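What follows is a structure written as structure tokens; I'll ask about it next.
Letters A, B, C and D mark the chains as written, and numbering starts fresh at 1 in each.
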Amino acid sequence: MITVLKEGVTKEQREKLIQWFESHGLSVHISEGRYQTVLGLVGDTTRIDDGLVESLEIVQSVKRISEPFKSANRKFHPDDTIVDIEGLKIGGGHFQFIAGPCSVESRDQILDIAKSVKAAGANLLRGGAFKPRTSPYDFQGMRAEGLELLLEAKKETGMPIVTEIMNSNHLPLFEDVDVIQIGARNMQNFELLKDVGKTRKPVLLKRGLANTLKELLMSAEYIMSEGNENIILCERGIRTFETYTRNTLDLSAVPVLKELTHLPIVVDPSHATGHASLVPSMALAAAAAGADGLMIEVHNDPQNALCDGAQSLKPEEFAKVCKNVNAVLGAIRQFQEDE
Amino acid sequence: MITVLKEGVTKEQREKLIQWFESHGLSVHISEGRYQTVLGLVGDTTRIDDGLVESLEIVQSVKRISEPFKSANRKFHPDDTIVDIEGLKIGGGHFQFIAGPCSVESRDQILDIAKSVKAAGANLLRGGAFKPRTSPYDFQGMRAEGLELLLEAKKETGMPIVTEIMNSNHLPLFEDVDVIQIGARNMQNFELLKDVGKTRKPVLLKRGLANTLKELLMSAEYIMSEGNENIILCERGIRTFETYTRNTLDLSAVPVLKELTHLPIVVDPSHATGHASLVPSMALAAAAAGADGLMIEVHNDPQNALCDGAQSLKPEEFAKVCKNVNAVLGAIRQFQEDE
Amino acid sequence: MITVLKEGVTKEQREKLIQWFESHGLSVHISEGRYQTVLGLVGDTTRIDDGLVESLEIVQSVKRISEPFKSANRKFHPDDTIVDIEGLKIGGGHFQFIAGPCSVESRDQILDIAKSVKAAGANLLRGGAFKPRTSPYDFQGMRAEGLELLLEAKKETGMPIVTEIMNSNHLPLFEDVDVIQIGARNMQNFELLKDVGKTRKPVLLKRGLANTLKELLMSAEYIMSEGNENIILCERGIRTFETYTRNTLDLSAVPVLKELTHLPIVVDPSHATGHASLVPSMALAAAAAGADGLMIEVHNDPQNALCDGAQSLKPEEFAKVCKNVNAVLGAIRQFQEDE
Amino acid sequence: MITVLKEGVTKEQREKLIQWFESHGLSVHISEGRYQTVLGLVGDTTRIDDGLVESLEIVQSVKRISEPFKSANRKFHPDDTIVDIEGLKIGGGHFQFIAGPCSVESRDQILDIAKSVKAAGANLLRGGAFKPRTSPYDFQGMRAEGLELLLEAKKETGMPIVTEIMNSNHLPLFEDVDVIQIGARNMQNFELLKDVGKTRKPVLLKRGLANTLKELLMSAEYIMSEGNENIILCERGIRTFETYTRNTLDLSAVPVLKELTHLPIVVDPSHATGHASLVPSMALAAAAAGADGLMIEVHNDPQNALCDGAQSLKPEEFAKVCKNVNAVLGAIRQFQEDE
């Protein structure tokens, strides 16, 4: 970590700060410029709060050299983490398809879609029971009843289920859920992160709409700091000024995260683009970029259903996506083996 | 609300949609273009989920003509809401200064600052007990103990207190808090919004870092839909590509919100800019823009404290801000009376 | 196009506007709501300035149903445009690799790299002679001399060259250049667009750092409106708050543009990401997303050169990218044929 | 400037880089951490291209301590620059109102508005003759004829004129123009910047829609590096995700620029917000924030005119803005004197 001091800082002020750094086990190198003095800190800076240092009156700016996340850091854990979901593996070369409707709407709907996506190639079933909606007047999901229906679909098809939690109080209801999803809007709901960190369930952690990759990893760190290391990161689009797509899918997040962390990364092209017609090409691109899985919305009857038509694929479209993604993955594995 | 249908939609598909709109009490005007058909919906569209309509396979896009928020809408409630905090009024011409440290650090610190800001002109005391921090390794606040110290400062100075809640489970601890703050990262923690909506306590609702003003008002609507109308909105900067300031303070939010809603609006120039040197001019600008109050970080000893130096004013600087803001407010009141 | 009128607009004001629309050859459907009146315009709205209509005092908002671009619009030109560069085709299933250094630095450098990238699989040579630099103190390129060296490299290798123009006055110098590049910072330099539109040379038009896809297409329309239809669009990353990458590569631009326009689209992963380590995976992803080509920075000696090390591939790395991209393209062609 | 080296850099590579820095007149302090080595550079780093250094293969990142702009830097030029426009001063305590229509539409229109805004309190007349428009089908301005009409309005009213240039070739036409405006879309049209830098005319340089304040100052530096120091900076809103306003007016740009540079800063609330109803409060806020002037769109007949109604004030509304802004400026001068 590097700390740049403001002009005119006195020797005493500087000494005081250096002593504080040293009391945290760091050694300090001083470099004096014409206008500014720079302190280089050597040692374990993970537990130094850079915001706090930057806020000091005598400090102009702070620059981290090493990353502030530790458990999630590939530097200290070079091998890929492989998350095991009821025997199904994700990460470290294991690629999975997560599919299902945006919301659980009825028993027939979820059972029908679950069977369709399984036949089409999905390995995990997704479906929202608790739905975060911008408006209090919009459908808030079937809640506890929706969870029951998901579990029934799991029983029928054998597919593990992924579903979103919005409140720590609901954790008991999620006992039989296989992967707990933290949605984009709760990525920095730190209390919820700590509470899912106390379980040992796999967590699918979605990147917030305006969060950096570093913040995503710090949120993973929250969960890991409580002891739960079963984390799957998910890129689902960020907010920009572009309007043709709902959000901007940041696929460079995949190779960046592969460098920074050992955790698996899946991509959700459905929420990111908001348009079914864009999902197939973005699914192929995500696979080519090195993602460990895809999360795709599928509906059995988007034409008539009053939900998610625009971004949901039909089961037959999803089946084609699975087939084509597998072809691209096959080509990639081939040239990786050749190297 | 206007619904634009895709090319090639059949008469039957169109009829089905029209019937669905009519079953929600709307009447539908049809306008056929060469390539597209447009449906104009007349009636109360507040409870129509435009995301859901937009997601229909036959729909190209949707445009709201009237706003989706109702309780917060100035159209249905033309008079300014005046929030009453233990007799202190905010909104409708009543301007208040909220000041205090970022975090409660100790008994001495909070009592000392409370007295200083009161003497300088503050009307409410702010101070964080539960702190949302990006890193799990950073100081998380004094939590319950911090709340106790705030209440002691309230007792000593008579100033009502404003402090942030991060978890519904903590609500019992906030019984004697005067204004509950919902932080930027929790603006769309819908479960928390509903829970503070069930109380009747004034709520200070901060705009999220990447949220639109419409989303801010929809979050206010969540609280109001549970019966709590004592809401103070707070603009605290949004995330952009600019790096000299921590965030970009969006002061046009003030007149826009004044048009759209009857709720009072305060501005937090400390968090928005991240630099004490920018706070005085942004405080003046916020007052000139028509804000109903200011929320400013003040620390008694930023030089030595290891927290918030950079964006905190010293009490004497804050006193000058109060004096100057009052001068600007005086000039504005003068020409408003003259009109 | 739909025009929503403000509340309280008089019959006379409305009639005046309707007459103005009709005088532009449009027919107008009126739909009256409780609070607002909506005018639906039917006919050729391409030449209606929606900003101008939106700025009228009686108008609340305007929504285009059909796109404002005509020559670039796939609706009126369903077949893919294939740009022919000295016999080399791009678009309509023809994929090309454009490679070379950021800047021409010397005769040896450009000749050496040209030969290397040709051997590795490149079809076109890129290299900057006129360099847009944020600082006046940075290297501004070899300018006219750089163009000469590029032409020499073309002669030696037979590869057509792509290089950036910054000023219409330089057009005579570009007589023997095969593809004229308009850089991101000049995407809305409308005078320059018109001037290259008067030539018949292929133009590679880069998306601006904060421009929407609609604006990109309107800039293409500027060139086409002067008669030049040989346009290759280029996605090169947009500006967001993320800092690990220089910009955020928006790969969903590829399928969106494929829907909206018939023009070919290439992707530049080097400038977008700013890091050589991210280029290979983003190149594969761009190909999988359906791009018509790649533009990649390659340097013969990034280790010692004092330019572009970080985002430039070495020739052998580039050769591997070409090979792997071709494998992915092969897999895609295979399943496209099977369908 | 601080340069952080990557892990695993050899002694030789490091020595080579240090020699290169030293050959540019800098001295280098080395600070070795467990994982990384940091080089602190002392001396005049203005002419070091940090992008170039960051792009070196052995460099992880670069951080500037001192700013890369020199002529525009307040550190080397502590006193406010006062730009003199035909005897009218702006900057250093001199505040000016620039007003007029978006576009010159006719002789009657511009003469009428010129007289109105002068009577209302304007000091300079603005009006577009060459108009940058997103669409080639939109009105491109009256061009040379529009300039003639502006000069006639100047003659009639005595007000200096401000108008936009889009092409260096037009410079001869601007001989009698008092202030040459560089529009937001041309902020990084470096060739144009150099060409206006060769004149000695005052230049009003608008911030680009997605440009940082540092980039704005580097563009000013381009002009100054050619010898023209008569620059007025202009904040006119940046592009964000918010949709109620056309852009987001970044008023914190005013105090930030006041710290960084000695050049005067004006604010354009009309283009930033896009709505006349928001202009008065944003004008007051800009004055309170410390701006040196305002640039406001005024139209004599927005109701009937088919241009700029929405964001243009009527002359009587503008007169009120002038009066109220002067009242706020008066209050500010009062307390500044008292200090």
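Simple rule for what comes next: a residue touches a chain if its C-beta (ideal position, glycine included) is under 8 Å from a C-beta of that chain, and two chains touch if they have at least 3 such contacts.
Everything quoted here is computed from the prediction, not taken from an experiment.
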### Query
If you take the mean of the Cα atoms for each chain, which one ends up farthest from chain A?
D
### Task
Determine the centre-to-centre distance between chain A and chain D, using the mean Cα coordinates as centres, and give it in whole Å.
39
## Note on the structure
Expressed in whole Å, how far the mean CA point of chain C lies from that of chain D is 27
### Task
Averaged over CA atoms, how far is the centre of chain A from the centre of chain C? Could you give it in whole Å?
31
### Message
Quick check on chain A: which residues sit in contact with 2+ other chains?
### Response
210, 239-241
### Message
Going by the touch rule set out above, what shape does the chain contact graph take here: line, ring, star, complete or other?
### Response
complete
### Task
Could you please specify the touching residues of chain B with respect to chain C in the complex?
2, 4, 29, 31-36, 38, 40-43, 60-61, 63, 65-66, 75, 239-241
### Task
Give every residue of chain A touching chain B within the complex, in rising order.
13, 16, 20, 46-47, 49, 51-52, 54-59, 68-69, 132-139, 166-169, 185-186, 188-191, 194, 208-210, 215, 218, 221-222, 225, 239, 302-304, 306-312
#### Entry: Complex contact set, residues of chain D against chain B
210, 212-214, 238, 240-245, 248-252, 254-256, 259-260, 272-273, 277-278, 281-282, 284-290, 320, 323-324, 327-328, 330-332, 334-335, 339
